[in-house]
Amino acid sequence: MKRFIFLLIVLACPFLMFAADAALAVPAVSAVAVAAPAAASNSGDISWMLISSALVLLMTPGLAFFYGGLVRRKNILGVLMQCFMAMAVISLQWVLFGYSLSFAPGNGFIGGLKYIGLNNVGMEPAPYAPNIPHQLFMIFQMMFAVITPALIIGAFAERMKFSAYIIFSLLWATLVYNPLCHWVWGGGWLQKLGVMDFAGGIVVHISAGFAALVTAIIIGKRRNHTDSPTPHNLPFTVLGAGLLWFGWFGFNAGSSLAANNVAISAFLSTNIAAAAAALTWAVIEWINMGKPTMLGTATGAVAGLATVTPASGFIGIWGAMAIGVSTSIICYLAVGMLKPKFKYDDTLDAFGVHGIGGLWGTLMTGLFASKLINSAGSNGLFFGNPHQFLVQCVGAFAAVGYTVAVTAVLYKLVDVFLGVRVDDKKEVLGLDVSEHNERAYTLIE
Amino acid sequence: MKRFIFLLIVLACPFLMFAADAALAVPAVSAVAVAAPAAASNSGDISWMLISSALVLLMTPGLAFFYGGLVRRKNILGVLMQCFMAMAVISLQWVLFGYSLSFAPGNGFIGGLKYIGLNNVGMEPAPYAPNIPHQLFMIFQMMFAVITPALIIGAFAERMKFSAYIIFSLLWATLVYNPLCHWVWGGGWLQKLGVMDFAGGIVVHISAGFAALVTAIIIGKRRNHTDSPTPHNLPFTVLGAGLLWFGWFGFNAGSSLAANNVAISAFLSTNIAAAAAALTWAVIEWINMGKPTMLGTATGAVAGLATVTPASGFIGIWGAMAIGVSTSIICYLAVGMLKPKFKYDDTLDAFGVHGIGGLWGTLMTGLFASKLINSAGSNGLFFGNPHQFLVQCVGAFAAVGYTVAVTAVLYKLVDVFLGVRVDDKKEVLGLDVSEHNERAYTLIE
Amino acid sequence: MKRFIFLLIVLACPFLMFAADAALAVPAVSAVAVAAPAAASNSGDISWMLISSALVLLMTPGLAFFYGGLVRRKNILGVLMQCFMAMAVISLQWVLFGYSLSFAPGNGFIGGLKYIGLNNVGMEPAPYAPNIPHQLFMIFQMMFAVITPALIIGAFAERMKFSAYIIFSLLWATLVYNPLCHWVWGGGWLQKLGVMDFAGGIVVHISAGFAALVTAIIIGKRRNHTDSPTPHNLPFTVLGAGLLWFGWFGFNAGSSLAANNVAISAFLSTNIAAAAAALTWAVIEWINMGKPTMLGTATGAVAGLATVTPASGFIGIWGAMAIGVSTSIICYLAVGMLKPKFKYDDTLDAFGVHGIGGLWGTLMTGLFASKLINSAGSNGLFFGNPHQFLVQCVGAFAAVGYTVAVTAVLYKLVDVFLGVRVDDKKEVLGLDVSEHNERAYTLIE
Amino acid sequence: MKMIIAIIQPHKLEDVKQELYKANVNLLTVNEVLGHGRQKGITEVYRGVRESGNLLRKIRLEICVNDDFVDATLNAIMTGARTGETGDGKIFILPMEDCLRIRTGEKGKVAVG
Amino acid sequence: MKMIIAIIQPHKLEDVKQELYKANVNLLTVNEVLGHGRQKGITEVYRGVRESGNLLRKIRLEICVNDDFVDATLNAIMTGARTGETGDGKIFILPMEDCLRIRTGEKGKVAVG
Amino acid sequence: MKMIIAIIQPHKLEDVKQELYKANVNLLTVNEVLGHGRQKGITEVYRGVRESGNLLRKIRLEICVNDDFVDATLNAIMTGARTGETGDGKIFILPMEDCLRIRTGEKGKVAVG
């Protein structure tokens, strides 16, 4: 019987969609056709932006493994599932209305509805990147929207209800990510103020990182989390770090939105910062704990990548090195001192790495940015423009404040309606079995 | 002694090859040199097609892990080995004669011998893509030829003899894949009929999927397969799904054979369909089994990717969503109802996902295709052209019929000469040890 | 207290760096700005070189897994850590002085200091590739510098001290890699002699492979290495092989430094040689040991990729096949006969695969190279130019001699100051715990 | 009270479990072990190096029963695990002095079942 | 001398270890097992196929003690492992005849501790 | 009949097996365990958090022998496993009542070997 209903849905579905298609898509499509000349865009830029989009998409599975290797064996599928769901749910949210809220002409705070359902988003030159078609710009940005909520997962891993996660991340994407994206990149007030955020220090890392802090605090500690906090599969974490490093070239160098000199410069900064941060973290551990660890090195690399993100297209190699070295010191302190001191349980250090890193990187952009590297940017304090540093501070802390407030409200809202945390028994059993009916590995065969 | 013979071969080999080289390659090469001006091709398109080719190559290891995680621990190397052998054997088959049979001028049914050993395949503009060199077109197509037989592996996993697998897939590539490729893309009768298959719904997914059904039925059920059908390493399956999603951008957006608007549109459709299908599968499980699973979500994503393949360059976002949603419903039913009902043991649902998905996608292309998206295509039924839907039906079912018949004959042939199935003892022991003398993991150390 | 010092460093660090910045970077940067017109470079070539650089970067994590799966469970993090450290340390070494020593104008033996700290390396056309910006050429070359020392890891895996590894690889990069790179690609004496090395047969594989031989011999055998030499996680090795194959397209086809016909030709040679070598290795095992193994097939693929590297942009498909087939025979003999005969313990066959493969490939380039494929190259012996074969011999053996001598000296040097080998207890315990305070996997939970 | 330890072929676990349930023996503990017995080991080959891995993967069952259940348990295992070829495994019977159910604190016979 | 074998819930291992240390029982051997008991198994679902995995993950402790330590050990395990719900597990007590310390060659009572 | 259970260092397994074969003891069952003994645990560090993993990886051997083989077996294990440092492990000897060979149904002494 139930299956009959399915079959009906099957048959109904394409037709229903077609109704929508007829109603909505055709005008959009014709807009495409009309705008199609687009002689402006060249195949080199398109090629680079297509592969960059694919690289950023790959970062979400990369993150899934980076995180998944660190949790206990009984929770890895829970983490992988949350990351994959971000790929599914946010991709659709973005196409349906997220892109419009972020980038359609609107007020200083939020975008309008002009691009809803990708209406008016065709192959004409993109408003924010006339050298590529609008739809390609939208695709590239979609991958950013996907990974940002996935970053937060690290904070509440091993104890969040899956249903609550979906609703929470949908709301969060709409009410935190989309507005912030509009503020900084979509014509909003921070952009007008002159805030520089090359590839998402504010939009991606501050927002996700501080949301992580808030949720980690409110959801509370894991039960028994002293039992065996040892990562169940560190090679997976290293694999994830490798894929993240690889994908981050699309993230940062792709953010120049063209295969040009700024992309090259961003690519270089990215690699230098990652390398310097990885090495620094290892050295700190060596000094402090007697031996450098693989997990520390991988964490350092990711912290360096996150921190250089807002600065990557604006800085030279010395700025990149300074960012790389300092970020590992800062993040190491955050992970090793802040967390124990304030006793929140940020399972996988989403705040310590992305929140702190994003904040630090955004501020450092205000120090090291140089118009010699990117004439479209501004000079930072070290290049004689203290004003930019101020602007960066305003941008960063406005984002922090907004994120913290709205995330807390959203969390509480979801908690009232659904309950955010799984009950004790499910937590003890592990999310793989209790939330997904599955086991990651067989024990005997 | 034996080693002496090796040494002789070593010394002989380059010289023998050189004979061939002198006899065959030089003319081919000179053709290259002559055609070398090729001012037509631009570096942007070349760049995109090179990386797309690499992306599609990566899909085969991706598939290996997608499949490999699902089998029992004692059989994973068997699966990985079959996938890797497709990379080795079919790459060579393609270069030696497969490409010629598929794309050289011939009759409606099969290509000629003009391109044998890549004769006449140089840097001149490709006949089917004048904007890129012929050799690049051939390379891109090679990666499709590689992954298609690898898809079938899912059907007979855990019980096929390795020697039989090699012979079978070589024959199958030559007698099923190459002709179908010619029919649809190489100037054959289906292409003349006007069948639309953007990136391989018929050529890749219907052919592999229905071959899977046939082999699963003939080879029979696994022994003891109720013992522990639980996937031995689901994270590997998720890793595979992630790599497939990533690589599929090369598969679909690369199939526009240029870094242009159609590529962008195909990229977008691909991502939307994958997202919609992943979400839909999870929702169905949620309704039907109480909880959404990671395996279901990954399966849904792959089903969505497979299904949107033939349509990807012809449809708008609403078509992509309709395809994504409906494919998960259809494939879920195929996997959950058809298989138990007809009691064949399609180990990893190669038919349920690729066969059904490819068929569904090919038909849906006949509904949702629009000239507004791709002026080189035709309109589908929903855009006022019912004829195209008919054509798609003819194409799909002709491919189904041909594949089923020839695959069955080939299977029987191989069975007579080599025996396709391993004996009971080997199956119980697992293919890793019994066919490859190896173990995937150590148990103690 | 200690933490206070950290905080001070934190604050000091950007400022110190800025001093450097002011002193060094600004001129470099202004050089960039001045040279910025660079109308010569086009977005298609830039796009291809950016993604190629990213692909080559991915090869190091790929190698980490290729190697990591082969060691015992207690040593995998040791291997992963060494590979990641190559990414961190050599990236910085390259930017600070490695690139200058390799490519700045100098004498026949070593480059000068003109490019130190990337001074004078801006967006002007690259001296060795005028179609792309200088910095992009430098980035692409950086990834080669990173992976080369990482290749050596295979030789001394499971027993080298981590501190010694870092110092050794830093010295080795500076005193072996940088000079060799200068000899062959940076205007040194071998380049002047006319040696052909398309993507690093001499520079990468001979250097790393023979360094591997030397270190394996001097460091001595593993203790208890007969206990369970079985690879602890073969799927990881296969994953690594898959990522290497994928990344190698960037390595070889990227080495044409443009998205052009030579890149296409190199891409094709790469795939053919990998396929032929994988198949050949499997066939040899089948004949010799009764069954083909997954490890053998993966090893063959990597050997084929390594061997075709120097020839990839100069040869046609028959040359690629000859190289693929012969390399597996040669390397199989090296791994299976040479190693047992001379009783060195090259843990993961870094010499047998890369040393022998690189040597063989460099010689074969002197046979199969053809100006019809790449007019910038020379003809090989089989195309009527025996002189080229001689030149290749000189180049290869000069590199072997230099590498062997300098590597041995460096090893001894490090041994005197730090001790290269871990003590018995640490070796027994495994490097993960004894050198990095970590375990790769949990046993119970 | 006895502790019965059985080493069986991995693929016979399902059959053994079915037989035990038929015999009303529902409580058991299982793990994976490596065994060296009369059965010929498997040869593995890694890069040309032959290795006769003489340890084979087996399943170890631990079943504690009261004395009146011993025979039924042994029969069930024999029926389920037997293929008639070397490698079928062994059953070891150990004396057991006492048993406690953690949840209730029950001791002795009643705790076993 | 006795060998005490306890099957407990995985997440209670830490508590049990703490209780044992308090009772001055410091030597033990642990591994992971699958158990079938009264506790309801977990249902797993793979591509729509329901599978009632009736084997649950448990931890098995093996503790060898001299006779005067038996009660303290049992109490410690009971205290640490008990939640009061099915699945808490069992303790089995087996007689042991002798014990050897490999390092010193000591035998008997002195070797156990 | 005895069941001999030995806990040894992982890297001594090969030596122990060789000694056992020399002593004509060919049948054994092995698995991996974690042990807490006198040996100092290993400190692991994850993101700055020190964790004294007091459980060390060990190998557990289970060897069932007839009474006349007990001494030879113990000697073989002692010879093969001894390094003289803490952590070398222990051997426990348990009484065994009976043994069955599944393949043949043989019982008692003859089934053990």
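Per-chain numbering from 1; labels A, B, C, D, E and F assigned in written order.
Simple rule for what comes next: contacts are C-beta pairs under 8 Å (C-beta built on N, C-alpha and C of every residue); 3 or more make two chains touch, one makes a residue touch a chain.
The structure displayed is predicted, hence computed values, not measured ones.
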Chain E and chain C - chains in contact with each: A, B, D, F
More contacts between chains, B-F or A-F: A-F
Between chain B and chain C, centroid-to-centroid distance (C-alpha), Å: 32
Euclidean distance of C-alpha centroids - chain E vs chain F, Å: 18
Chain B-chain D separation of Cα centroids, rounded to whole Å: 45
Multi-partner residues of chain F (each touching 2 or more other chains): 13, 30-32, 34, 44-46, 53, 94-95
Per-residue multi-chain contacts in chain A, two or more chains: 42-45, 47-48, 51, 228, 230-231, 233, 239, 288-289, 291, 293, 295, 332, 437-439, 443-445
Contact graph of the chains (line, ring, star, complete, other): complete
Chain F to chain C touching residues, read off their complex: 9, 11, 13-14, 32, 34, 42-46, 53, 57
Footprint of chain B on chain A - complex, ascending: 2-3, 6-7, 9-10, 13-14, 17-18, 20-22, 24-26, 28-30, 32-33, 36, 38, 42-48, 50-51, 53-54, 57-58, 60-62, 64-65, 68, 76-77, 80-81, 84-85, 87-89, 91-92, 95, 117-118, 123, 133, 135-136, 139, 142, 162, 233, 236, 239, 432, 435-442, 444-445
Of chain B, residues touching chain E in the complex: 229-231, 285, 288-289, 291, 293, 295-296, 299, 332, 335-336, 349
Residue ranges of chain D in contact with chain F within the complex: 2, 5-8, 31-38, 55, 58, 60, 74, 77-78, 81-95
Interfacial residue positions of chain A with respect to chain D in the complex: 443-445
